[in-house]
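In the two assemblies presented below, subunit A is common to both, partnered first by subunit B and then by subunit C.
Then we have the complex of A and B:
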């Protein structure tokens, strides 16, 4: 076959492949792009309580700057994000180390350790709502049995965010542990053998070898959890609906209420796009960090 | 102006119903829309659950298929907002609370107008004039009838007769008696919570409105929010004090689920909660013999109970409103409402409430008798004003709840809590 004929065949094959995959590509792009473009468009509209719509330009975004609830929601979102992520990374690494070293732990126990994240968040929320009920819940019963004072848990403006962070950490720490466990299993054994020969203590080995080598994996887990934590909705909605007062009114909860309870879809879209920008920013920052700690 | 409003809001539903009674179509045929499919967006609550027990009866009677799209209350509204904003005909019939979203949905044009259908397309046995006039009135906006009532409900006062007897207390007749009883129970029986009611921010308005109206307060005076009036402050202070000093820990997260669970478990002496919760509260039978029921005790303005009801509305975007109306008509007919009543759904028809079979069910237990007696007071004296009677009613409930929570949590004094709420509510009232 001549070169020209071969090139023609290759071009034709490429064209056929492009034609065959085009519907799937177009469908996927449309499914992703349409909601985003529509939300951006909605962000420039204003809706009255009766659903009447008009073009508002940047009014929703300028309203956002002067909206006390927005800044409060942002603060709550960040506080919950930092607290939950810290808890999940610390305990996730610890749990991964336990599972890695306790090799003779029965499979059923290992499965139990990692089972919470398989539970739908709505079910987890309902379960913790019952456990943490200040009057009827098991948590206060246990505290009082131990001679400790009861807590208002989710009903206390002071404790609601730490309590929600604890619930989320209970559910998602095993997920972080599973990712870290994968990282641990891929670490080169030769480094540990060298450390052992040099007489390094277990703590020094963890501090100087395990942790630095695990950092890329931990950052990957942090990225995955960050996206979820900044979009955190279900457990708060089930347990507190943003209360007491507005003590757990994250941006997501606030946006939902503005959109679906007060019907101001335009302003809710502006809120959610701002949150999306924050999520992108966090992911980019963690990606840079991952690049810095890669080995 | 007042006379015109009276004509619109009070006389019109009565005229509509009276006219419709004469215009019942002799040739009404339940099979007229045989083969069609009706989509019903339902709130998955006891009212729809009781109704949908008889779904097969409707399908057999009409030859239509009923497709049920059921969600929890908030998710149902979320779905409805999406469907209606998209002008979609996906939903033919939906459940609605006129006291909450009526003004808003009517102004948005989401309700189909049922006025003509009630006149022209009714079965002989439907008897639209037998439905609660108060509920029909609350579902009429701008002279248009927008939904038909499925039930009648409102907050009522549950109290433990055994604890009252032990503590030497009589059934409370006034709000002051409730406060005195709570104080006495606190020392007489420290194992129980003396008083519980709703503390969850969006849920507060349902019970607080009854307190406000009994005390003689109003939400709006001269076009402005009126929570900082003497009566408004008294209502805020009394309601929040009862919950703060005599309520359970964590009451700011309490809505009907928590209240019913606490009372049913025997850990509350008084509960102010929906009449709909009777079945849940009596579940297991532990509270059957030691519970008394009353409308909420009187304040300075007497008893002005909160009375609402779920309604069935036809979507204005439905492509088959007449067929949808047939479902609404069947679901709110005397026959179906009697069946639902026997499942504990309080009927919005006085005739059903007097039906011998229903009376027999009521007479089986003293607590059911008291429940029906309380509902009778709700039906005759009730106000459907839950939160501000404005388009942004759902949002107004947030600010009422916020003021109450600020007081329960001692985050603000009453003057500041009401002033902050009034400021936000004035802005809502000014919205068109």
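Then we have the complex of A and C:
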């Protein structure tokens, strides 16, 4: 008797659990799973300028392989990704070390440090647009008063990607720093004491002990940033819309413009599915790396 | 004074110097934005740029006079509050069920959705919403923004629910409490601070989100972030009004983030880092 009662409660519990997650699951199916399947189908369609659609097989994907703009976008995406990630990781670790040695951080200081990545990227874009204005901006004034040549920043095809990387790094380096700081604070103090007894220099201690122990945290920060960096959109769209020319036309910007400016939904779908595959590929690769550096 | 103490002081001084330098680099652009928003229009574009000026509200005045700034702000508020509420409504029970049953695929699915580029969803949504005439509706905007808020709520709350000892629930079960009742009466009060953090993070990220409103809103439902694009287009010389708009748009997320700064970073990593 008690057995059936137990099964009854268990079944009831399972049912209740299913009911609790049902709204979220149904929402996810309706707003995410189904649309993604639909995108896959759209990727096999071709749309004429009048909005007529017809089955195109793999035409969108063969177009993609021969599309110069796609390869350019891929190159821009990767360049921006590598440059920004390198900047944010290097300065993030540096900033984390500085914060770590400052011992206690008043809440107000912490609030200031999180302010860049809590503000909308669009606002960051607006404010840097003004600061980096080639003729009247404050950045060039500072450069010139230091005796350095001014730059065209976002208006220069050569410098636009490094400039965007700089803006994004301004926003997200403190975020990386706070993650790494969390990692630093969780390191066992005993390893430092051992190093101190052995007479290791601060630099040696960092290189041989701190850095290897921090690597899993750093890789985690790298994963979190990579996801955003590979689908870079906001700052570029608000400042240059992919320009000057096509110098900052990342894959995400390109796909968006193909879809919503030229209304070639089919080809845009193929582009976005490819970008999604790249993002997930990168996350999986980093995840393996995290497994390799774990301790 | 020993040498070691001297070196120690030097190192501490050097560290403080670096901290101040980092603080300046982080703060300066934002301070410049706020200062510029209070400059008289002729001074905003002055070259060399001025640091000392008599502050004025004329930019803010011009912004509210020449653009429907307040109705954009209202749109932002409707979409953000709506999507945050929806995220909490769906996310709290889901996080609880995932934590209890250890069946994690619903949580992982929402996380995967958070990693995909927004345009991936925007393309089919655009086609679908257009077919049923929902482009430009608050409903479409709230639903799309809930895709941002739902994974935040679930992943911020998961560790909180996991931290509640099982025995608490088991005792309630023995007393004949249903699962829903346990969630409502026992679990939710225990994770109240987690719910607050998740709500604030969801609000901030929904408020800040650009892409969906760019396509799914129309002139009447445009959010502030999507409208920011128009402010820039309106004229390269209207820097004062532009910076006033930027300051006002950034204000709500910055104030909210400051409230929860202590718990914010572990929440932001969506479960990847426990802090």
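As a convention for this text, the second predicted complex is superposed on the first by the 260 of 295 C-alpha atoms of A that agree within 3 Å, B and C clash if a C-alpha of one lies under 4 Å from a C-alpha of the other, contacts with A are read in each partner's own complex, and residues count from 1 in each chain.
Keep this in mind: contacts are C-beta pairs under 8 Å (C-beta built on N, C-alpha and C of every residue); 3 or more make two chains touch, one makes a residue touch a chain.
Quick caveat: nothing in here was measured; it's all calculated off a predicted structure.
Asker: Once both complexes are superposed via subunit A, do subunit B and subunit C end up clashing or fitting?
Answerer: clash
Asker: Check the residue A:134 against both partner chains and state whether it touches subunit B (first), subunit C (second), both, or neither.
Answerer: A:134: touches subunit B, not subunit C.
Asker: So in the superposed three-chain picture, is A:260 touching just subunit B, just subunit C, both, or none of them (first/second/both/neither)?
Answerer: The answer is both, since A:260 touches subunit B and subunit C.
Asker: Looking at the overlay, what does A:150 touch: subunit B (first), subunit C (second), both, or neither?
Answerer: First partner only, subunit B.
Asker: Where does A:39 make contact in the superposed view: on subunit B (first), on subunit C (second), on both, or on neither?
Answerer: After superposing on A, A:39 lies in contact with subunit C but is clear of subunit B.
Asker: Who does A:244 touch here: subunit B (first), subunit C (second), both, or neither?
Answerer: Touch partner of A:244: subunit B, not subunit C.
Asker: Going by the contact rule stated at the top, is it subunit B or subunit C that touches a larger number of residues on subunit A?
Answerer: Looking at subunit B versus subunit C, the one contacting more residues of subunit A is C.
Asker: Once the shared chain is lined up, is A:54 touching subunit B (first), subunit C (second), both, or neither of them?
Answerer: In the superposition, A:54 touches no partner, neither subunit B nor subunit C.
Asker: Please write out, lowest number first, the residues of subunit A touched by both subunit B and subunit C across the two complexes.
Answerer: Shared contact residues on subunit A (touching subunit B in one complex, subunit C in the other): 133, 135-136, 259-260, 265.
Asker: Going by the contact rule set out above, which residues of subunit A touch subunit B in the complex?
Answerer: 48-52, 133-136, 150, 152-157, 239-246, 257, 259-263, 265
Asker: In the complex of these two chains, what residues of subunit B are touching subunit A?
Answerer: Residues in contact with subunit A: 74, 77-78, 81, 84-85, 104, 107-110, 193, 200-202, 248-253, 258, 261-262, 265, 267, 391-392, 394-395, 398, 402, 405-406, 409, 411, 431-432.
Asker: Going by the contact rule at the top, pick out the subunit A residues touching subunit C in the complex.
Answerer: Listed in rising order, the residues are 9, 13-14, 16-21, 23-25, 27-28, 31-36, 38-39, 42, 95, 98-99, 101-102, 107, 109-116, 118-124, 126-131, 133, 135-136, 138, 141, 145, 170, 174-175, 178-179, 182-183, 217, 220, 223-224, 227, 230-231, 233-234, 237-238, 252, 255-256, 259-260, 265, 268-269, 272-273, 275-276, 279-280, 283.
Asker: In the complex formed with subunit A, which residues of subunit C make contact?
Answerer: Result: residues 11-12, 15-16, 18-19, 22-23, 25-27, 29-30, 32-33, 36, 45, 47-49, 86, 89-91, 93-94, 96-98, 100-101, 106, 109-110, 112-128, 143-144, 146-147, 150, 154, 173, 178-180, 183, 204, 207-208, 210-211, 214-215, 225, 228-229, 231-232, 236, 239, 242-243, 245-246, 249-250, 253-254, 257-258, 261-262, 264-266, 268-270, 272-273, 275 of subunit C touch subunit A.
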